[in-house]
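Letters are used for the chains, namely A, B, C and D, taken in the order the chains are written, and counting of residues starts over at 1 for each.
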Amino acid sequence: MPLAVKTFDQLRDAASALGTDAGARFLGGGTLLMRDINEGDISITTLVRSTDRAFTEIRSSGSRITLGAGVTMSEVAAHPELQYLKPVARTVGGPAIRNMATIGGNLFAFSPYGDFTVAMLALEATVAVQGGYSSRDVPLEEFLATRDRDSKSLVTGVTFRQPDNPTAFHYSKVSRTHPKGASVLSIAAHLPASGNRVSSPRIAYGAMAPTPIRAKAAENALNGKSLDEAGIADALAAATQGCSPASDSIASAWYRNEVLPVYLKRLLLGAPN
Amino acid sequence: MSQVPIQFKLNGQDKAEFIDEAATLLSVLRGKVGITSPKAGCEQGTCGTCSVLIDGELRLSCITLAQTCAGASIETVEGMDTDGKLHPLQQAFLDRFAAQCGFCTTGMLMAAKALLDKNPNPTREEVVDAISGNICRCTGYEPIIEAILDATGGSAGSYRRA
Amino acid sequence: MEFRKDFFADERAEGLKEVGHIRQRQDAVGHVTGRTKFFDDKKTTGLLHLKIVRSPHHHARIRNISTHEAERVPGVVRILRAADVPENIYTMLSLINVGIPDEPALAFDKVRYKGEPIVAVLADSPRTAHEGADKIRIDFEELPAVFDVEEALKPGAPLVNEYHGQNHFDYDGYSHQKVRLGDVERGFQEADHIVDERYQMSPIEHAPTETQGCIAVPSDDDRIDVYSNTQALFFSLDLSALILKMPSNRLHFMGGTVGGGFGGKVDTLVEPLAILGAMMTGKAVRHSFSRRDEMRAGPPRGAERIYIKDGVMNDGRIVARQMRIYFDAGAYSRLSAYGAVKAAAHCPGPYTIANVYVESYCVYTNRTPSTAMRGFGVTGVDFALEVQMDKLARTVNIDPMEFRLINAYRDGDMKAHHKRTEGAALIECVQAVSDLAGWQIDPKYRSYSSRQPGAAPAAAPSPASQPSASAPPPPPPPSSPPPGTTAPSASSRISSMFRRGR
Amino acid sequence: MTIKRGRGIASVNYPIGMNLGGDPSQALVHATPSGKFMVTLSSIDLGQGMKSVTRQVAAETLGVPIEDVYVDTADSDTGPHCMGSFASRGTHRVGNAVINAAEEARAVLLDAAAEKLEVNASDLETDGKGNIQVKGAPSRSISVMDASGAAQFEQGKTVSGRGIFFVPRNYPDPETGAMQPVTCYAHACTVVEVEVDDETGVVTMVSMKSAFEIGRAINPAMVEQQLVGGGWMGMSHALYETTEPYYPNRDHAPVDFSSYLMPGPGDICPIDLVVLERPAPDGPYGGKGPGEMCATPPIPAIANAIYDAVGVRVDELPITPEKVLRGIKGMSQTH
């Protein structure tokens, strides 16, 4: 059957339409969905979109900031309050993709894609999910664990507390090709300092599991330690705990596990700079 | 498929068309308006041959829903030369022999124009980033990078072959 | 880029007015203005879109194909099956008499690789073509598959292609193309060292930015106009006419402006079905690979496995080289039978070796059929040979650059395929790179020349080989006048150059 | 972490034209009444510059400026047969066919001019600027336009020519492989420098320096296009490309330009080039064709450079960071 397009002023109406139409998908930046349609996915029969301004807004309140799900990578990179995330946003595709790809879409990107979500995970973001006419905030980690089972809800935005010290946020993406490339792996780390020790670090990986994951064993091993060879040794030893990377055309599972500690070490030792 | 009306500016000229509601911008430009410089290289958003400028921003027309461009200003390579005179980027691509088969060339020019319109004096690294979403299988990229740097009048960070 | 005009200056006419000068490309302005017209830029009305239903299995028997449901999808205009193709079984190189018909345009009794075309759906939009394809029902019985060239040649391996009756191409009654010069076993006995190695080249994609495609349009003179991006216009025209059993002059092919090819657009995979569809519907038909098709169902450069066993002397001379080459053709011959001979002819590389023994196999496996790509028959062999050369050089502790100069072929040297070397220039290229890269070599190698006999011994002739190669004749003197004589005018000089030796 | 540097070399030759011959190409050349020339072919330009090389060769042979020649190709109703654009045959085969056709057309043109100037055609030469003149007496001349017009409107001659180039087919001896693969070879030597990260196996290209012997560089700028692009493709083949990442297993196959790996504009290195010309006796103005050959020598040169850097031999393409790292760790290369 032909493909229909439905446009709604309000996100909640869009969410409602998604819930009642089995063939409906929400159109954000289009980088994933339009490709599927071009490639012949005829299970998609309706494109739902929304012109709700909340969807594309960046709102900050105190140290908390909310990015509408329709905010693009380029908008993140250009936003004065989000300069520490610029290196992350700039590793998503080339310039055209960054002008189109959204925060919301990135939450659904399959491994080895979804590097921005890795950063959001390290910042302990919550995801605003509109299911029908009700909305709820879900911790990102929980959202990622269930995202593939819940295709009927609409993500409207992500919210997180901005680092007190933006230089405590670190990001590293390893790709085979440059400057654009899919991830061998990516690492985002928020390493707040207390004196010369790391306090409650948050580390997240991309491409090391079916979805971006938190590196909790490494976080625990790093907590209260200094960022030097000795201080990070336990974290490196625990680096791959909980990882279950895939073998794909970018890299094998063996290689990802093998080099993750190498790149984590480089990120952590580079951190004081 | 139902038809919807759409108005937009194409290379400075007003256009009004009835289009399939789910049509991509690429199919509208190529099939409806007769603009063939954007190419269907992959229709996956991974090659850059369909690149156009929408309100000055580089976009991939193959994965852009056409009706989202209502009221927008769209630029393609067809609008680059003025009064028969080539745009400096086009001239630089000629002078540097930066086109071989020509299939990626129009997308490359759009990516380069998106950069130079906002940043007239980019570094080599910025040029490399600007074309990073555009695949070229013929040139090895270096002639394209050099052409874009030439069009800026500078050659910051460029290495030159002997 | 710089010219080293000092090399071979006495063999060249200078003073040409156009040749040798930088001139803008005829197509360059079209490329930078977007005016260049590729096949898909042809304006057509009432275009039908052709979508192929492909095999999901590597190797399977087809039990049943049902198209009834697909035919009822609104927008589906026509469905093509094997029975609709007049000469369904063909082989790509039939036009130059290489091989036997071994490949169906549309599979009917079995499929031999994942992605093999079975049914073509013609519909009024890409989406309806996809919807029609989704409704095609095919029952398969999966068969054991073989993916490795050496496994495929073992007794008891699954038979890939019944038309050949064995998993290799037949070369005049042999399983491989042979090249024999001298006595390789005697060479190994004489050698100070033996180096025996295995090399594997992966299949790769041509990856042109424009995928393979065409548009076939019924024309006003009751023929079919075909806008195609083939790399070989008449090859594709004649092969299409052969498959469709029609007079070739009922086809009017137009192309010549292609968005990259690299060899992949030699295989004529889109035109025959598009033409057939246009004839059966009276409508224009577009058949273009999606990028996914291009990556998976389109032919790759084939994998090659190469074994090289060399005998080398402490002074750096290679005295024997034995090579075994396996071309992974995939399920059908395409151009691989030709490529394997080209690979054999390329052995043992640009070096003079007295004893050479080559076996080159074209092997069928349940992989996507492979085809020519930039360097067909040569690239894989050169990868193996040149890594092997590095290993040999290190084995005898000689600088790798000097090692190549020691063994480089020269004018008059006997090649493994029993022809004397002419026009050699390897030594000079190595010398030029030595300068360019600042890679120091012993001064004695500076005096080496492709035009002077080298230290390498002539091939010891095997009884069967001819001509006799016991003493290579001195190389021919340079045929150009010595410097200082008045050069003839450019055009006459060029004519003589062109006609020399014919 | 240590970044280790290494250099490697490879030298190759490349056969010009289809193996064993038997691959003709044809050309037609004709002049308009105003002395402009059309070359009609069915050869394919897939970016390598077929239209432009043949245009340049035609202009040279005709003795007219390149602006006076256009190449029209690949319409099967009008263009004579060409085997196709592959096997490094375009410049050599089609170039020769164009020379043949252009010589025939030129001969008619000079005959027409001779009749007008009342001299022998053998005493005439072209100046390459659109004029035909008496050798040694350039003031006695006629424009190509006037000569072409006279031929067609006064003398009733068609200023045209037909050309074909053909290397006869030969067949290898099944026992010995004795054969004549081709009539000429191009040559190349490449030295590359790489850096290898010994903790990750990542290889970074530092430089590529090559010499190419290509008979005659018909158009140096287009030769450079091939050599630079081919250098990139060789590097890509060596380090990145595969349709079967776990060969011979067929899983995890790439389906797009994100999963099919090729070096991006940030992965390239300076490419320095030297060109040598040893004309092929049967090449058009000696030309051979560098397009295929240039993508080959970087592959083994890179493999050899990696060995030079870290002592690891990877004999299976592509040479991925994983294979290098396995080598550094002393592990087998199999998955």
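Definition applied: contacts are C-beta pairs under 8 Å (C-beta built on N, C-alpha and C of every residue); 3 or more make two chains touch, one makes a residue touch a chain.
This structure is a prediction, so every number in the text was calculated from the model and none was measured.
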Where subunit A and subunit B overlap in contact partners, by chain label: C, D
Between C-D and A-D, the pair joined by more C-beta contacts: C-D
Averaged-CA centre spacing for the pair subunit D and subunit A, given as whole angstrom: 47
Between subunit C and subunit D, centroid-to-centroid distance (C-alpha), Å: 15
Interchain centroid distance [CA atoms averaged], subunit B/subunit C, Å: 34
Interchain centroid distance [CA atoms averaged], subunit B/subunit D, Å: 29
Shared-contact residues (touching 2 or more other chains) in subunit A: 2-3, 38-39, 178-180
Multi-chain contact residues (two or more partners), subunit C: 1-2, 24-25, 27, 207-208, 257-260, 262, 290-292
Overlap residues in subunit B, where contacts from two or more other chains coincide: 1, 42-44, 46-47, 97, 100-103, 128-129, 131-132, 135, 137-138, 161-162
Of all residues in subunit D, those that touch subunit A in their complex: 1, 199-200, 240, 242, 245-246, 252-254, 258-267, 320-322, 325, 335
Residues of subunit A defined as touching subunit D within the complex: 113, 176-182, 247-252, 254-255, 258-259, 262-263, 266
Residue ranges of subunit B touching subunit A (in the complex, touch as defined): 1-2, 4, 21-22, 24, 43-45, 48, 51, 57-60, 62-65, 67-68, 111, 114-115, 128-134
Of all residues in subunit B, those that touch subunit D in their complex: 42, 44, 46-47, 97, 100-103, 128-129, 131-132, 135, 137-145, 159, 161-162
Of subunit D, residues touching subunit B in the complex: 46-49, 221-222, 224-225, 228-233, 256-258, 262, 264-266, 268, 270-273
